[in-house]
Amino acid sequence: MNLALDIFTVSAVSAGALFFLAGTVGLLRFPDSLTRLHALTKVDNLGLGLVVLGLLPQTNGLFGALKLVSIWLLVQLSGAIVTQLIAGTVRRRGSNG
Amino acid sequence: MISFLLGAAGFVLMTVALALVVILRRPAEVDHMMAAQLLGTGGGAILLLLATATETPPIVDVALLLALFASFAAVAFVRSAPGQESEV
Amino acid sequence: MTIFAVFDIGLVVLILGIAVSTIAARDAFAAVIGFVVYGLLLSIAWVRLAAVDVALTEAAIGGGMTGMLMLGAVARLRFAGGNDISISLPVRFATAVLCALVAAGLAIAVLSPPDAIPTLAPMVMENLAQSGLGNPVAGVLFVYRALDTLLEKVVLILALLGVWSLAPDSVWGGIPGLRVYARRSSTLTFLAQLLPPVGIVVAIYMCWVGAKEPGGAFQGGTVLAAMWLLVMIAGLKRVPSIGQPWLRPLLVVGPVIFLAIGLAGMVLANAFLAYPPGYAKPLIVAVEVALTLSIGVALGLLAAGPLEQAQQQ
Amino acid sequence: MEVSSVMNSSEEQGRPAEPPVTGTGILGSAISRAAGFFAFWLALTDANSGDLAAGLAAAVAATWASLRLMPAEQWNLNPVKLARFTLHFLRQSIVAGTDVALRALDPRLSLRPGYVVYQAQLPPGTKRNAFCAVMSLLPGTLPCGSAEGNGLTIHCLDVAAPVVEQLAAEEALFLRTFGGAQRND
């Protein structure tokens, strides 16, 4: 049982870390600010989500797990809104900023 | 398990560092504004991994504040970006 | 080399790199962003140094509030055409020398510690139980160094008075010149509707948990200030004039209650700022709650800046 | 009073008369928000029994602020529909992250970025803001401001994809889940 949970943690956290890497590659390769914003929001949010998912079995108790999930929700929600603000700034100035 | 979580934290730190270098070296100011958001997600992931690896639950609170203030900082950046006041 | 060491070295290299790029940035806006990133990264470094209390403060003050203050200064400079002022070479040189001296002094102090580091930590841990607190940092702040903590809060109010006194007489009692978001944005409004209630819960949690675990009035107050500023920037609530009847009592309630409990201690516990036995924890929690409110209002008004408009009737 | 002044002029014209919210409606949303904040407090404090009183105070303070900042609205929530929407949204945001990640790692870098104007059914207001937040986590779309009429300017990673049709389907699902605030002007 413990081993199964550990395997779950290792695979989910690894997947999350890979998404962070992919997000960075996107920031490096994408041609303009707005496409880079896509990379930052969607990929990194998924990365954090997978890391949180992987850490859930390692927390003590239901509420510890809930705390991690609520941090992820907070990041996801504010990230979704802040990204639109930055995107609006980019659009008003033209894509090259 | 502990060394795996630490390794993962180190890996995420490396990707965040690379992304910061990429973002802050670009000339466009809007790219710089993404830095705070990057630390909200990446820094949050690093702290949560550290909290579990070192079994120190209060570190989770640091991640919480980091998330809150990263988005606050991003709003402040957008608000005070140069050229904003000319568009009222 | 352990995996901890690899992580720490990577973190330090990154922080140094960000610090250098902040110093080297030619543009003030880019430099402030570098500084905020530096503050957020530093909070991870404090976590690695097992100073979670400091990490919380750094994330709140270094990452959020100082950045906000400096962005205000940058915007003000730009408005006044300050970006065009060229600084002469001797001034730059003198600044660089002064900064280098400070850095060198700090480096010497850190790199050559005395053989036996003087510490009172074991004594604090031995006697912490008497106060009923679980967090040694709160114990030091409110039991052993209570006077420092009290004065620190008074300094915050003095700083605010300093900012207010920059205003011309004609607008005294008026409204701070916080620049609200230039275009009314429903996106920002939405964030300012959703985030502050969550922030209030976090602020009360920070203040409450400070008695037994890392946290406290300063972290909680900073969260409150940030949420208040967010609501004002989005234009959901107006920036209040400093003549508002509710504002000044909130500003001083923390230090006043702290002082009152301190004076009562002279009668009940035979010393200024001493707590009667058995009542230490509830009294400290009461002080922390009042301080959270006062710090929140003071930091919010500090970031809102000097007065610019006369009070509207 | 202060809330309505936030909307800019073009948004104000498109803003329909809010359906009147009854006293029980306000009470209902106050209770559900307070329950949410209290649950958040329980998560923060690990449901420690010594912290419950402070948690009640926190929930009351947060609910008060929340009602002042965002007045109660009619959200016809049905738990089953809500759960279905949440699952759909989670699946879509995983698809979105994977989509961008694969594009970033693809050696050919298959991107056709550009803007699309989407005519939203939702009038400006809280529900549309919530839908915009959902949109920014959907695959390939990122709202970046309002356009002519009731339009939203959307930045897409691939303009050749049927973005408008996808968004219309998402909005229809959103409307079915959260109750349709139809335009009544």
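In order of appearance the chains are A, B, C and D, and numbering begins at 1 in each one.
In this section, a contact is a pair of C-beta atoms (placed from the backbone, for glycine too) under 8 Å apart; a residue touches a chain by one contact, two chains touch by 3 or more.
Quick caveat: nothing in here was measured; it's all calculated off a predicted structure.
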{"item": "Which of A-C and C-D has more C-beta contact pairs", "value": "C-D"}
{"item": "Chain whose averaged C-alpha position falls nearest the assembly-wide average", "value": "B"}
{"item": "Distance from chain D to chain B - Cα centre to Cα centre, in angstrom", "value": "24"}
{"item": "Distance from chain D to chain C - Cα centre to Cα centre, in angstrom", "value": "32"}
{"item": "Averaged-CA centre spacing for the pair chain C and chain A, given as whole angstrom", "value": "28"}
{"item": "Centre-to-centre distance between chain C and chain B (centres being mean Cα positions), rounded to whole Å", "value": "19"}
{"item": "Touching two or more other chains - residue numbers and ranges from chain D", "value": "40, 44-46, 132-133"}
{"item": "Sites on chain C at which at least two other chains make contact", "value": "183, 187-188, 190-191, 194-195, 198, 202, 209"}
{"item": "Chain B: positions in contact with at least two other chains", "value": "16, 29, 33, 57, 64, 68, 70-71, 75, 78, 81, 84, 87"}
{"item": "Contact footprint of chain C on chain B as seen in their complex", "value": "3, 6-7, 9-10, 13-14, 16-17, 20-21, 24, 29, 32-33, 35-36, 39, 43, 46-47, 50, 56, 58-59, 61-62, 64-66, 68-73, 75-82, 84-85, 87-88"}
{"item": "Footprint of chain B on chain A - complex, ascending", "value": "6, 9-10, 13-14, 16-17, 20-21, 23-24, 27-28, 33, 36-37, 40-41, 44-45, 47-48, 51-52, 55, 58-59, 64, 67-68, 71, 74-75, 78-79, 81-83, 85-86, 89-90, 92-93, 96-97"}
{"item": "Partner chain A, residues of chain C touching it in the complex", "value": "185, 187-188, 190-191, 194-195, 198"}
{"item": "Contacting residues of chain A [partner chain D, same complex]", "value": "19, 22-23, 25-26, 29-32, 34-35, 37-39, 41-43, 45-47, 49, 61, 63-64, 66-67, 69-70, 76-77, 80-81, 83-84, 87-88, 90-92"}
{"item": "Contact set on chain A toward chain C in their complex", "value": "74, 77-78, 81-82, 84-85, 88"}
